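The structures considered in this document are given below.
Below, chain A partners chain B and then partners chain C, in two separate complexes.
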Partner chain A sequence: MAPAAALGIVRHKVSSEDWIMRGILGAIALYLLVAIVLPLYALLSKGFQDKDGNFTGLDNFTEFFTTPALSQSVANSLTISSISTVIVVSLAFVYAYALTRSCMAFKSLFKGIALIPILMPSLLPAISLIFMFGKQGFLTFMLFGNEIYGPIGIVMGEVIYIFPHVLMIILISMSMSDGRLYEASQSLGAGPVRTFFTVTLPSIRYGLVSAGFVAFTLIITDFGVPKVVGGQYNVLATDVYKQVIGRQDFEMGAVVSMVLLVPAVIAFAADRIIQRKQVAILTARAVPYAPTPSPRFDAIMTAYCALVGIVIVGILSVAMFASLVKFWPYNLSLTLANYDFSLRDGGGGDSYFNSVKMASWTAVIGTCVIFTGAYLVEKSKGFLAGRAAMQFLVMMPMAVPGLSLGLAYIFFFNHPGNPLNFLYHTLPILVICTITHFYTVSHLTAITALKQIDNEFESVSASLKVPFYKTFWRVTVPICVPAILDISMYLFVNAMTTVSAVVFLYSPDTALASVAVLNMDDAGEQASAAAMGIMIVLTAGGARLLHAVLTRGLARRTQAWRKR
Partner chain B sequence: MFTKLLKRLTTVAAGGLMVLGLAASGAFAKTDLLVYTAIEADELSMFKKAFEKDYPDINIKWVRDSTGIVTSKLMAEKANPKADIVWGLAATSLMMLGNEGYFQGYAPKGLKKLGKLYYDQANNPPQWVGQRAWIASVCFNTVEAGKYNLPLPTSWADLTKPVYKGHVIMPNPNSSGTGFLDVSSWLQLMGEDKGWKYMDGLHTNIARYTHSGSKPCKLAARGEIPIGISFAYRGAKSKNAGAPIEIIAPIEGIGWDLESFAIVKNTKNLKAARALADWSVTKKAMLIYNREYAVVAMPGIAKPVKNFPPGILSKMIKNDFAWAAKNRVRILNKWRDKYDAKSEPKKK
Partner chain C sequence: MTGKDAYLKVENLTKMFGDFTALEDISLEVFEGEFVCFLGPSGCGKTTLLRAIAGLDIQTHGRVEQAGKDISGLPPLERDFGIVFQSYALFPNLTVHQNVAYGLVSRKTSKPEIDARVAELLESVGLVDQEDKYPAQLSGGQQQRVALSRALATKPGLLLLDEPLSALDAKVRIRLRHEIKALQHQLGVTTIMVTHDQEEALTMADRIVVINEGVIEQVGTPQDIYSRPVNPFVADFIGTMNFLSGVAGNQAQVRLGDIELTTNNCPDGIQKDDPITVCIRPEDIATRGVTPDTENAVPTVIETLEFLGSFYRASLAVQDAGETTIRADFSINLVRDLDIKEGQEFTVALPSDHIRVYGEIFTHADDLI
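Let's turn to the complex of A and B:
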C-alpha cells in the first residue's frame, strides 16, 4: 500500500479525497486485470493442455515445430514482415522528407491522402489488389507473369496498409529536428548529401528504428491482407485463424498465437527502450527547421508524393468502382445491387449497424475510462505502488496481437466457471475487447496532454477546498478537449476497421461490418466485400471530418487561453 | 472472499437483467430457435421468411458457415451443444455426428411422403431427414478458356491433362462439403487406390484450394480462373447472372450429398425445433427447395431448373452415405497430409 510518509504530509480532508481517487484508480486497474491479464493467463495455460484440459507440458509446442505445414509459417511470416518493413519504411521516409524538408505545394493534401489507408480494414487494399492484379486485373501485365496470390500480394497489401502508421512516426521525429544544426552544417561548408548523412539521419535514427519496429509488429500480426491475397503462402496470423475457426483446434490455436506473441513482444520492448533514448534530442534552445525553396528538388519531391498518392487513391477508387459494377469483368454497367447485403454472408446489413453501434460505445466508454485513468495516474498523489502497477498494466495491450487477445477472450469469458460468462457472445464483450486492444495508444495520448497542465492547478484548488473532481471537470477536461477528441476518434475508427480480435468473438446477433467483409470474400462475393469495405471507409472518414469540425469549433472556445 | 463477492454481485446483476428481459418480452414471448446451417447465404432469408410466416411465434437465428466449419463447430461443442437444430447440412456430416450421439430421433409429420432414399433408414424414428440433393459440377469459363486455348473438358480424367495445369480450382474438403463430396465420389467411383492416384494428378493442375464450395464457381464466373470445381446450383446461378460459363457434369458420374436436418439431443426448444422439422417436409417447403435445386426429397415434385447441365440426374453416383460418414475423418486427414500446403491460408 501507499507509503505512510506520503500519507502523513497530506491533511485529513484531502486524504479522504485521495481515497476516492485511489478507489477509482483501483477500479480501472481491476478492469485491466479482467480485460487483459486474466485472459492472457488463460491463453498461456491453454497452450500447455490437451483437449480435455490435462496438463501436457510442451507437447503442443513439439507438435507445432515438428509439423512442417505449421512451422514453415514462422519463416514465411518473418520473411514477408522483414521485406515489407524495409520497403514501407523507405517509402514513408522519402514521403516524410518531402513533407518536412521541401517547399513543395499541396503539403496538407498529400498528408491527407497518405492517411486514407487508416480508414480501411486491411482486407480492403488486398481486395483492391485482386481487382488490379488478379487474372482479370487491368494491371496484371506489370507482374510479368507472377501471381498476385502469394508473397508478392501480401507485401504490396501490407505496404499500403501500414504506410500511414509509419509515415506519422517518421513525420513526428522529422519535425523535431533542430534548425541550428543545418545552419551550422551549411556554414561549415557541407553539401546537401553530407548534411543528410551527418545531420538529418542521426537526428531521426531513433524515429526510423521505432517506425521499423511498429511496422514489423503490425505486419506480422495483421491477417486481413494474407487472408485475401495469401494464396498458398501460409503465415502465422492466418494459421491462428485456420486452427481456431477451421479446425476448432483451440489448443493449437493458442500455441500459434503464443508464437506470434514473441516477435510482437520483442519489437514492443525494443521500441520502448529506444523511445526512452530519444527524449534528450531536442533542447529548449532548438529552432524549428525551415526548408528553403529549391525548384528542382521541390519538383522531384512533388512528383514522388504524387506517385504514392495516386497509388493510395487508386486502391480506394478501384475498390469503390468494383463495388458499383454489376458483374466484373464482363458487365461493367453500374449498379447499387452489391450494397444490398441481405442476401450475402456475414450477417447482412445489420452487421454495418452493429459496427457503428459498437464503435460508438467504444469511443464513448473507452474515452471516459482511459482519460480518467490517465488523469489519476498523472495527478493523484502518493500511492506509488498502485500507480506503477497501473503504468505497467496500460502498456500490456500494445504488445498483444489482436488475434491472441480475441482467442484469450474465448478461453477466459467462455469458461463455464467464470461469473462473467454472461458477457460472452454479446455486444459489450466486443466493446470491452476493442477498448482494451487500443488502450495503450489512447492512454499515451491522454498522458501527453495531461503533462502539459501544471500540477499547480490541483494544488491551488486543493488549498481553495475545491474537490478534485470539480477541478477535473472544470479545468482539466476543457483544457484537454483536443486530446479527448483525438482519443475518441482513434477508438471509433479502429473499432470500425478492426478484424483480428473480434473475429473470434462475434455472435449471430452481433456480426460486424469488418468481419462481414472477411466472410463475403471467403464466399467469393468480392464485389459485396468491397462494398461493405467502402461503407466502413465512408463511416470512418465521416467520423474524421466530424472530428476536424468539432476540433476547430471547440478549440476556439476552450483553447483561446493558449494564445497571447 | 473477493471472488465470492464478485460472483454474488454478477449473479445479482445477471438475475436483474433476466427479470428485465422477461418483463420486456413477456407479452410476446417469441421462441428463438438457434439453427446451424450450411445453406448458401442468398437463400437463407427466403427460408426464414417463409417459415416464420407459418409459425409467427418462432424466430430463426442462423449460424451459417461452410459444411466443414459447421461440422467441426458442432464437434467442438459436443460437451455443451449450443444449436437447437442442424438444418441444411450434409447427410454425411449428420450421420457422423449422429454416431457420436448428437441427435434425437423424430419423425416429422408427412415423413411418409418422402422417398425412402432420402431419410435415415438405420434408426426409427429417423435421426436425420433429407431435404434436397446438391450435386457436383464443373464451371468452365469459355472466354478465359479461349485465351489459353483450353478444350472443353467432359470427364474428371480430362482435368488431370497437362493442358489444364494451373487452370483448375477446387474447394478444400476439410472446410467445404462440396469438396468432400467430390473426394468421396472419386474414391467410390474409382476405388481407394485409383482415387488417391487421380487426386495426385489433379493436385498438380490445381492453382489453389478454396475455403468455400461456391467460391471456385464464382471465381470461374469472374474469370479469375478458367475451371472451378463446384456445384450445379452455384453454376446455374452465375450463368443466369450473365457469366460466360458452361456447366459440366463429367461423364464418369458426379458426387452429391443431401442437405438434411436433425434435432439436437438436449435442445431446450424441442417444440420449435419439431415445428421446423414438420415444416421442412411439407410440399410447400419442397417447392421452395426446387426453385434452385433439381432434386428434392419428395418424389414427383421437382421441375427442371434453368441452366442445370442436361442429364445431370442420370449421372449422380450411387452414393454410399454410411461409408462416407464412417470414413470421413480418415479421408480428410489423409487429404490434409497430402495436399494441404497448397490450401488457401484460411479456414481449412
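Let's turn to the complex of A and C:
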C-alpha cells in the first residue's frame, strides 16, 4: 500500500443508479428553471424596458408611482387586504376555537361547511354577493345605502373566499397545543378568561401570525373578487389585468405585477421563518386537549358556527338558485337554460370540458413530477449542490402570485425567439403553469409524508442489490398513497378553480370554465356565470368526495400493515 | 488468525463531516467467519465506520478492501454485504415472506427456489408460521429476526449489524444474543456488529474493537480486553474498575499514599515518582485468608455493603492511601462466614497479577455512556 494513496481523498465511483437519480432530479430542476425562473426573469426585465424592448431603467416605475390612478391602487390593495385579514383571522379563530375547545354537536358538519369555499373560483362568492346585495339584491337594504361594488364587496368576498384556508391553519395549530397546560392552568385556579390569555393565545400565536400572512398574501394577489365587485375601486390585482388585457400595456402590467410581488415575497419569507419556529414547539410531546361540556359556552359556540355556516351555505345556495331561475329576481321560475353554455359569450360549453381535461392532466402529471422530485430531494445521497438548488427552486412558486406568473409566461413563452414558443396558447402550457403555480404546497405535502418513512430503505435496497426505482415503486409509493391522493386532489381542485394565472394564457380553443365565469360575468350574463361556477363547485366537490372514498377504502385495505 | 489473509481490511480510514473528524486513521482487519464487535460510547463513530465499510457514507481518506478487492470508492450496490439497522427498516407494506425474498426476486432466481430459500431462513429463525404477516403484526424480536433473514437471504459475504438489539427489551435481547451468535456460527458468515453495550460485545464477539472519539483504543478478544485493557478508558468502559492515583516506586513497585504495592504490569518508560493510575477490578480483590503478611495486603474499613443479589459490593476506606475508597466484591459466603458488618475493619489484598498500572492520570467518569 502506498502511503500517498492512503492520504488522498477517496474518489466515489458514481453508480449508474446515481446517474439515474441525478438525471431525473436534473430534469425536474430544468423544468422548474423553464417554468418559473426564466419566466420570472422575463417579467422582471420587462419592467425595465419600453415598448420596443429598450432598457429604460426605472422609468416605468417612476411613471407608476407618479400616476395617481396607479399608485392609488397600492394604498387600496393594502387597505383592503389588511382589513380583510383582520376580519377573516378573527372569524376563523373563533370558529376554530369552537371546533376544538367546545363540546358542541355537529363538529364535522360545521368543518365540512367551512371548507366549501375552497371548491369555488373566487369569482363565485363575489357573484353571489351581487345577487344578494346588488342593485336588485334582496338584502341590499342591509347596506344602508352603501354600494356593494367597492371596498365593502371586496372585503366581504375575500373574507368568505379565504375563510377555509385560514381556518385550516389555525385548526392545525390549535389541535397541536398541549392539553396538559390547560389542566395545569385550571388546577392553579385560573379562570377561563385567564387561561385563554395565558395558555391558549400564546400556544397558537405562531399559527395565528402564519394564518395572517397567508390570508394577506391570498387576498392581495386575488383577482376574482375585486374583478367582480370592485367597481371603480382599483386594486393591484385588477390593475395588472386591466393594463394587460384592457390596454395591452404589457410593460406597465409587468411593473404592477412586480409591485404585487413585493408583499407576496415578504409575507412568504415571514411565514417560512414562523413555520420554522412553530415546528420547534410542536416537536415537544404534547397531549391533545379534551374539552369538557359546558352547556352555555357550547350553545354560544353552536350559534356562532351556525351563523357562519348559514352565510357560507347561503352564498352557495344563492349562486345555485340564481343559476336555476329564468331571470333573477323578476322571473323565479326554474330552468336549466343557464347551463346551456353553448349559447353564451365568453367560453362556451367546451370550456368546462377543457377545464376538466386540464385539471386531470395537472393532477396526474403534477403528482408524478412533484412526488418524484420530492423523493429524490429527500432520499438521494450526495449531489448536495443539486439538491440544495432544487430545494430553493421548489419554494419559488409559492412566493409568486398567479397573475405575475401568468404574465411572466406571456413574456417568456410568447417571445418569438423562444424555441418553446409552440406551447403558447395550448393546453400543455395551461397544465405547466398550473402545476408550477401549486408546486410548493404539493411538494411540502410529499416531503412531510416521505420524512415519515425510514431513511434506510434505500440502503437496505442497495445492500440487496435491488435498484432504487424498484423499491420506490414497490415500497415508497404504496406507503405514500394517502399523500399522493392528497396532492392530486389538491392539484385537481385548484386547477378547476384558478383564474389568476391562466387568464392570460388561454386561447379560444383552450378556454377554461373559471375564465368563462369571468367572461360571462363581464358580459353581464351573471346567471350563466353562476351556473358555470356551480359546475366547477360540483366537479371539485365530486373530486373531493372521490378522494374521501378512495382514502377510506385504502385505509381499510391496508390497515393490516399501517400502524395507526 | 495470523498467517491467514484478512477478509476485510480497513486501512488508514478517516471520515470528516465538514470540519469535524468523526473517524481518524482507523486500520483494522477482519478474518473470514469472524464475529467482530465495534464497541464504544454513543457518538464515538461506530455507525460511521460501519457505513463506510458498507459504502453508504464513503470515507474521506483511506482504503477498504474486501475479499482481496479494493472497494474504497464503490457504491453500496457494487459491494457484497447484508445489513440490519437498529430500526430494522422492514418494508411495512410487504409480508414477512416478501421482505425476506426481496433481494432474491431480482436475481433471476426461480419462484420455487425463492420459496425454498425463504422457508429455510424462516425456519432457522423460528418464524415459519409467520410468513404471511406484515411487520406491524410482529413483536420487536420477531421483526428483528425477519430483518436478519432478509439480510442473509442473498448469502452476502459480510453481515453488518448496527445496534440490532438495542430497540428490544432486556429479556428478548439476551435470548437474541444467543440466537444471532448461533446462527452466525452455523452459517460462518463474517460479521461486524456495532454496539454500545459492553455485555453484548463480551458475550457475542470473537474480537472486540473498542472505539472512542473516532479512534481505535484497543482490539482484542473479550478476555483480552477485559483482563488486559491497554488504557484507563478501556478499563473504565468495560466492566467495573477501581481507579487509584499513586506514584511509581522502584522497579515493580507503586505507592498509594503510605501503601507499597508490587505489580507485574508496570508499563515501560515510567520513572520513579511519576504520577500513575493503579487499576484493579472489584472481583479481583482477594478477601479470604488475607493476613498482614500477604502480598499487597491493604488494611481497610468497610464503609458500606451493597447487596446485589449474588454478591455484595463493598466500599472500603483506605486511610493509609489518603482517604481513597476501593470497591470490592464480597461473596455471600464470605459475608455470612465472617459475619461482616459495615464499620468493621477488614484487610484485603490486591493480587499483583491483577493490578494494572497506567502512566497517566485518569479521572473516572461515571456518565461516559
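Going forward, the second predicted complex is superposed on the first by the 542 of 564 C-alpha atoms of A that agree within 3 Å, B and C clash if a C-alpha of one lies under 4 Å from a C-alpha of the other, contacts with A are read in each partner's own complex, and residues count from 1 in each chain.
One rule holds in what follows: a residue touches a chain if its C-beta (ideal position, glycine included) is under 8 Å from a C-beta of that chain, and two chains touch if they have at least 3 such contacts.
Remember, it's a predicted structure, so these values are computed and weren't measured experimentally.
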| item | value |
| --- | --- |
| Touched partner set for A:E456, first chain B, second chain C, both or neither | second |
| Partner chain in contact with A:P329 - chain B first, chain C second, else both or neither | first |
| First, second, both or neither for A:A560, with chain B first and chain C second | second |
| Touching partner for A:P125 - first (chain B), second (chain C), both, neither | neither |
| Touching partner for A:Y233 - first (chain B), second (chain C), both, neither | first |
| Touching partner for A:S342 - first (chain B), second (chain C), both, neither | first |
| Touching partner for A:D18 - first (chain B), second (chain C), both, neither | second |
| Chain B and chain C contact sites that coincide on chain A, given as residue numbers | none |
| Complex interface listing, chain A residues touching chain B | 69, 72, 130, 134-136, 149, 226-227, 230-235, 238-239, 241-242, 245-248, 250, 326-331, 342-346, 348, 416, 419-420, 422, 508-509, 522-526 |
| Parts of chain C lying in touch with chain A, wherever the complex brings them together | 11-12, 54, 56, 58-63, 72-79, 81-83, 85, 87, 89, 91-94, 102-103, 105-107, 134-137, 150-151, 153-154, 156 |
| Touching residues on chain A, where the partner in the complex is chain C | 1, 5-15, 17-18, 381, 454, 456-457, 459-467, 470-471, 474-475, 478-479, 558, 560-563 |
| Touch list for chain B against partner chain A, complex | 3, 6-7, 10-11, 14, 17, 34, 41-42, 45, 61-64, 68-69, 72-73, 75-76, 80, 143-144, 174-175, 208, 210-212, 214-219, 221-225, 241-244, 340-348 |
